[in-house]
Amino acid sequence: MAQVLSAVGLDCERDDRHLFRDLSFDVSGGEILHLTGPNGSGKTTLLRRLVGISSVVEGVVTWFPNSPESTGEPCEKIWYIAHRPAVTLLQSPLENMAYALALHGIRVAESVVWDALDTVGLRGFEDVPSHQLSAGQQRRVALARLYLPLEPDRVRAWVLDEPLTALDVEATERLKARIIEFARAGGSVIMTSHHGLDSETVRTLALGGGS
Amino acid sequence: MTLLPLLSSVFRREMQLAYRRRSDLANPLLFFLIVVVLFPLGVTPDMAKLAEMAPGVLWVGALLANLLSLDLLFRSDYEDGSLEQMLLAALPPTSLVVCKVGVHWLVTGLPLTVMAPLLSVMLGLPGSALPLLMLTLALGTLSLSLIGGIGAALTVGLQKGGLLLTLLIMPLFVPVIIFGTGAVQAQVAGLPWLAQLAMLAAMTTGSLALAPLLTVAALRIAVGD
Amino acid sequence: MWQAFVRWFHKWSSPKWFYTMSQPWSFWLGWAATLIIATALVWGLLFAPVERLQGNSYRIIFIHVPSAFLSQAIYAAIAVLGLVGLVWKMKLAFFVAKQCIPVGASMALLALVTGAIWGKPTWGTWWEWDARLTSMLVLLLLYLGLWALHNAMERPESGDRAAAILALVGVVNLPIIKFSVEWWNTLHQPATLKFTEAPPMHTSMLIPFLMAILGFYLASMAWVLMRTRLEILQRERKSRWVEDELNRFSEGQ
């Protein structure tokens, strides 16, 4: 499988503490990289560096290294769902989705968006202002984009920061299945989670432990 | 070609948000009104004297009202995480900043400009000066929003950014207020005013060219922290 | 030639190297500045002839003009250093830029205070909305903004970069501010008696005047060097060599 991401010599120091030092890894298509580690071990910081919005990590990150589109920040090929899920509370789930798609330059039929919201269990809430939703439902607004049936090379990697927090059992299982399905289709997933994932394509990278 | 529809949906989102926060947006306008009402009470009710000061009072009021609303420019986007997504977007981030600042001007600068004639009557400004007053206010508030956007971006990550924002941005507003009031005062006094207006227009154009780039750089610092 | 320059640049951009090499520099610059300023002030205040129009009150230019010069030069230096820091990701440039701020702000304050003192006998008031004084006040505000931004940021590295951006905005604006204030001032009041608008200065005044400017330059450099050395110790406190250095101090050497 083609290489999707190469990270070389990542180094992060925060508040007089080395979170990780000289960390190097690759991610290929179809692979799930599961970052584990205790709270405060730098998982979120690492993810933020991978997508190119953190200035506290030294080192080199290259997305799609062997392809002509190789750049530092190929944002449009990645879904990044952060700890703060970028759900604007004054807007409905539908409007939030439309904005996320516009930022990514993706145009899909509106019915597809409705279906995705339906899949994550927001049927009937599509037009409700997001501040009326529960924390778990707000999370689902952000996660709904993962259920869009996009062409495989439109979005090639997911970078997910604790995607399973605040979800109920059913939604957790559904998302796990969706992640594995995406990887089977050739996509790459880099995620942090305190839940385990059962799939032969999962690779675990443990951070922390005072390296 | 594909950029335009995307930008228009971004623009629509900003307008929608502004509409839903309309009570926040009324604050600067109310503030403008209060400054202009308090001024004669504090100084003099003499219409002739007020007329002389009117351009300055209106300009200072508009500037402070604009400053008051700047802190909100990026704050909610920063807090809910949308700002991160904007910096990662397929669209150039400068275009998103221009969109946001443009909407900020549409919902503060433009209403302030529209309010100005009403308030200028209360200060006895000659009616012949009105078109120029409105033109300078429209140009000037746009430049204030653009320059102020840099300050708002620099302070967005801070808990109490409001006061700091004022300190950072105030000195940069000096030329805008000088040329803005200067043009109107010159016209009232029957002097040529084109030079001042040209300077103001040049400042606005210059900030339109440079401010979005610096704003994006500042936002990257705030988000990357 | 170019490679030699790059090597030199790299060497000096290392905080440790800078710390070691700047010690004798700050020492000698400091002493030279003290001597030159002392000579200039004694000469200027006691021995230079009385000025024809302003009498003795003109003598404040020996302090006022150098500090006004320096406050502007230092702001430009901060912007250049900030640009160097942003473009080449050079920590040391940020350190120097940060420690230039209090020095420049002090110079601006000194220029304002001496300007006010000069204004009293000359204009009869402590404050006049003179174009130069007004733009000096704006410059002081710009300095205060830079310093406040540094202090507000949680991570010093972010403070460095944010302040660099602000300094760049400021340096683009500074000429516009100066121009606008001058223009505003001439519109609103007749030209008053201006500072240093009498270039044919007598040699016996000119020499101490130029000496004072040189002395202020050297003193500012020495001051910035000293402050930067402290900044380096504080920012690099985790590195080995700073620990050794601090141990050397605490052992009383």
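Which chain is which? They are A, B and C, in the order written, and residues in each are numbered from 1.
Assume contacts are C-beta pairs under 8 Å (C-beta built on N, C-alpha and C of every residue); 3 or more make two chains touch, one makes a residue touch a chain.
Only a predicted model underlies this, so the values are computations on that prediction, with no experimental measurement involved.
Core chain by CA centroid proximity to the global CA centroid: B. Relative to chain B, the most remote chain by averaged C-alpha coordinates is A.
If you average the Cα atoms of chain A and of chain C, the two centres end up 49 Å apart. Centroid to centroid, with C-alpha atoms defining each point, chain A and chain B lie 37 Å apart. Inter-chain spacing, taken between the CA centroids of chain B and chain C, is 32 Å. Within chain C, residues 155, 158, 161 each touch two or more of the remaining chains.
Those residues of chain A in touch with two or more other chains are numbered 55-56. Multi-chain contact residues, meaning those touching two or more other chains, occur in chain B at positions 221, 224-225.
Per the touch definition, chain C reaches chain A in the complex via residues 155, 157-158, 161, 238.
Considering their complex, residues 86, 138-139, 141-142, 144-145, 148-149, 152-155, 158, 161-162, 165-166, 168-170, 172-173, 176-177, 179-181, 183-184, 187 of chain C touch chain B.
Against chain B, the residues of chain A that register as touching in their complex are 48, 51-56, 73, 75-76, 78, 80, 82-91, 95, 98-100, 102-105, 107.
Here chain B touches chain C in the complex through residues 147, 150, 154-155, 157-158, 161, 164, 167-168, 170-172, 174-175, 178-179, 182, 199, 203, 210, 214, 217-218, 221-222, 224-225, going by the rule given at the top. Within the complex, the chain A residues that touch chain C are 16, 55-56.
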